[in-house]
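Heads up: the structure comes next, in structure tokens.
Letters A, B, C and D mark the chains as written, and numbering starts fresh at 1 in each.
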Amino acid sequence: MKRKDFDGLAEKVRNWGRWGEADQRGTLNHIQPGVLKQAAAEVRDGKLFHLGLSFDQDGPQLGRGRFNPQRYVTELFNSLNPAVPGFCYSDDVIHMPLQCATQWDALAHVHYDGQLYNGCSAAECLSEKGAARNGIHHLASPGIMTRGVLLDVARLKGVERLALDYAITVDDLNACCAKQGVVMGAGDVLLVRTGHILRFLEDKDRPAYMGLQCGLDPSCAEWAHDMSLAAVASDNMAVEILNLEGLRGDTPLAFHMLALRDMGMPLGEMFNLEALAADCAADGRYTFLLSAPPLAVTNGFGSPVNPLALK
Amino acid sequence: MKRKDFDGLAEKVRNWGRWGEADQRGTLNHIQPGVLKQAAAEVRDGKLFHLGLSFDQDGPQLGRGRFNPQRYVTELFNSLNPAVPGFCYSDDVIHMPLQCATQWDALAHVHYDGQLYNGCSAAECLSEKGAARNGIHHLASPGIMTRGVLLDVARLKGVERLALDYAITVDDLNACCAKQGVVMGAGDVLLVRTGHILRFLEDKDRPAYMGLQCGLDPSCAEWAHDMSLAAVASDNMAVEILNLEGLRGDTPLAFHMLALRDMGMPLGEMFNLEALAADCAADGRYTFLLSAPPLAVTNGFGSPVNPLALK
Amino acid sequence: MKRKDFDGLAEKVRNWGRWGEADQRGTLNHIQPGVLKQAAAEVRDGKLFHLGLSFDQDGPQLGRGRFNPQRYVTELFNSLNPAVPGFCYSDDVIHMPLQCATQWDALAHVHYDGQLYNGCSAAECLSEKGAARNGIHHLASPGIMTRGVLLDVARLKGVERLALDYAITVDDLNACCAKQGVVMGAGDVLLVRTGHILRFLEDKDRPAYMGLQCGLDPSCAEWAHDMSLAAVASDNMAVEILNLEGLRGDTPLAFHMLALRDMGMPLGEMFNLEALAADCAADGRYTFLLSAPPLAVTNGFGSPVNPLALK
Amino acid sequence: MKRKDFDGLAEKVRNWGRWGEADQRGTLNHIQPGVLKQAAAEVRDGKLFHLGLSFDQDGPQLGRGRFNPQRYVTELFNSLNPAVPGFCYSDDVIHMPLQCATQWDALAHVHYDGQLYNGCSAAECLSEKGAARNGIHHLASPGIMTRGVLLDVARLKGVERLALDYAITVDDLNACCAKQGVVMGAGDVLLVRTGHILRFLEDKDRPAYMGLQCGLDPSCAEWAHDMSLAAVASDNMAVEILNLEGLRGDTPLAFHMLALRDMGMPLGEMFNLEALAADCAADGRYTFLLSAPPLAVTNGFGSPVNPLALK
């Protein structure tokens, strides 16, 4: 995206000051009690889906920079009372990037021009200690629960998976809403299905899953803004289209920048939407209660999550 | 507890085989679609509470064996396109026990007499690789969502916090239900408030919070079994009473053993129930939708969690 | 190696009880004061060589199981006195396998038939806590310093690197001693140069460096025993030949088993011998003072090391 | 120390440019071949001493910021060939600060006025990736080996341990040399014994060991400079006196700043000098070959070490 176009878009979607100068929760502020009541009202059948990947060495990471979780057993057959050795407990420790598998990005995860969401100075807020402002813990208190809406773009296009170079447009999103018969509402979390995760789950092809890939065109930020969405998540690596233009152009990770930094809108990545999407296609209902609480990792740039959808 | 009494209790509550020989989810099987629909029906006001502690160096751990989370920043002001240095992202890594703050215990977390839940051999299932059976990931697919019921025992007793040596009895639980006007149902998650967590949150007294402390008397296991509860969580360190008898007697961690190993009932620890309890006391409603999904840490002995209660 | 042949060899080289029933230092006992004086006497020119690889993400590990060191910065521009912000310090943390790059194997690192060096029961000594006996700290107090002898087998064979499937024989070692004009002595550490490390250092080919590879034939154990060597190290991954026979045959890692478990002889791996070997070839002197102290990692199975050779 | 006095001292001892603009080894450049030959000539009896502490949970750290090493077993009874289960190996992983026990400080470990040793810009060289210049790996290639000289100040003063508030002066060092009959030489590593480590080793009093404590007065930097020492190490936490003035005054950690940043002189901390000192007192010889190679942790701020002294 040209910087000039990007700047125009950014100006339109920027929410700085909208919820006060001290705000660090951004578009989660759209989740008002009425939204939560409506979200609960979406529950009709009591069907529960988990959207989280497994956290282990078989995860999607390729191993440099970000890696897959390492888990260590620290206690095994440990007995509190040596006189009763048969009564035992076991403990373990995990070592993992906060951005390794299914995750939320904190608002502080990306920035440009030296400022984070709500105008915070990156130089002042970011350090080896983490994000002094806009850390993930602000999205965790309370955590993310609201109405979820699945837009199954792969199904719209009649494919199992979008082509690697496919950029989802606003027209696609509108067409999907129309076809599925859903109307987005303020405070909704949008789940975008690209099918791309099958390259990992079915093909076991990590390089394909983690390489250049399909996703939202940055222009979708304005749509998300107009719809007053609380957050957007997808089954791909970074929600947005990852192509050479998007990574190496004038405005790298443009959608991330617009969403996290300008709108204050959290992004959810690597959500496994397969089972949920199949069910939505079967019963024609693409709305549900979504619960996806990040851990309150103080000043963290993200959090692993195991999202739940209840229909 | 005398071993003989323990064995009698264990026989009464044991659920091995109840949900099939291969089952690894235990009492979560009580969470049927009807329960989930009822849980959603508890949502009336759209009030959301998070019950998770923060994950950072100020956590409750004293530092040997289990420690507080260490978080490391691995990328800071990192630009994907060196030609556009102002567009940056930041990443981090966490290193923490799976049992350090608000958490679920996996069914494999404790055992006695060489067997885990559902009769699995501890020698065969437990190793430096973790729990080959009854690992936490089984409780994560799908994660724990159901109706939650708060029993505020501290309030019942007219205190802010129970005395450190107070063992909550079945009579207490029944009295609490009666006073609060709630009836437990199959598939409910019981949240027991002791107020003990205030010794950490208010007093900042970690040794007090992590030392000998109030909690459920092991005999409460039978009550939980009779009520067909899906899980029990509390605001203390280990749900159950931790006294010298409980730690060093004939049947150490008796409630853990009965719950996790015999019943297959997950335990939630260090849930911060203060704000939720205040609200329940104010409006007289102690039931809500509870969402507390563990991460799918493959073969893990537990998982951090940020539980949400929606009224 | 056939199990029967292996057992015969093991019986010949076994040092159990030789230095007492409680001994946990094995052949390091050969390093007597006289040896150390002789080692110092090898120093003639004051030329110092370090034989250690770098510890970073560009190390030789491929990333599953064993991985390359992860280093995290924990303090940066941290000032002790906030009133004097310009006076700062920085700190960091390392997370790495004790077997990731240049390293010593502890005597407990391998075993067979349920016993470690000196007859210790593996079942009793090895746990998720590490090696209760024969841990690396016993080789660290004091650490390994003695006379070092380089046998440059690659040069003997007239190649830069031995072929991947080349198994170094006792005849090769004897021929090398003869050609180089060295006589091994009790308490010496033997450094065997295969040139294999160039596949990593020059070719940057990690899979080749970490795959099937050249090294000592297990029969060399008897030679090392007869020479009363203190330890053997090499520039390859595991000192010994790694072929399908050696890894998947009747006696996997036979040389490791004989050396560590039967002889109590430490093995040093991934020593970078290139600069030292070039110097030895230039001046014709293949003996030197070797200092290669493991860290006293209590109960550890190994230790990283930066060996020094002083000629 | 007053800033003005500090600046005067800094100017006297600053070695920037002395070994070239690109130099990152500082006073290790004093270790010339002649020094190494002389060091070897100090070996007379073949007596070997290790000066390193153990690396485990019982280390000196109090647990916030810097902590004691965590070691995790990752493989246990692991057999390469499942058909031969009795042939096993075990592996482990370590997680530790590079500054937790016996260690070398990298030249980049501290700085003031925005510059590191040799005039490097701190802003340009220090990041969450570590020290792009003056990292510990420069002190590891080759590692530190030279003549070592023990100055036993505690013995000079007739005490087992210096008082906590005792600042060692240049007069003390000179008196010690005179009493012990040693003459410092260019390229020597000075080991200063305060006895303070006994508060940890004997008293098991970590807070005392890690709190305000005895050590070198910052003025000793000039003496070290005049003597052309290669490095200084001690048995205390930070070589220098740690008092309120030293930590909270105008020039915090003044000796560190002068040594690491101005002189380019590495500092060794928490060296256990007890056994060596006893031997030196017994035979009256306080000089020896010292080998203390840091690990080549690329861009690290320090390295654990197990120093060896050979007499």
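Rule of thumb we're sticking to: a residue touches a chain if its C-beta (ideal position, glycine included) is under 8 Å from a C-beta of that chain, and two chains touch if they have at least 3 such contacts.
Treat the numbers as computed from the prediction; the structure is a model and nothing was measured.
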List every chain that touches both subunit A and subunit B. C, D
Relative orientation of copies subunit C and subunit D, as a Cα rotation angle in degrees, nearest 5: 180
Could you tell me the distance, in whole angstrom, between the mean C-alpha positions of subunit C and subunit D? 26
So what's the Cα centroid distance for subunit A and subunit C, whole Å? 47
Quick check: what residues of subunit B touch more than one other chain, meaning two or more? 70, 73-76, 93, 95, 127-128
Once bound in the complex, which stretches of subunit D touch subunit B? 57, 63-64, 67, 70, 73-76, 95, 127-128
Counting only contacts in the complex, subunit B reaches subunit A at residues 31-37, 39-41, 43-50, 52-56, 58, 65-66, 69, 71, 73-77, 79-81, 83-84, 86-99, 108-114, 122, 126-131, 137, 140-143, 145, 247-253, 256-257, 289, 291, 293-302, 304-308, 310
Touch list for subunit C against partner subunit B, complex: 70, 72-74, 93, 95, 128
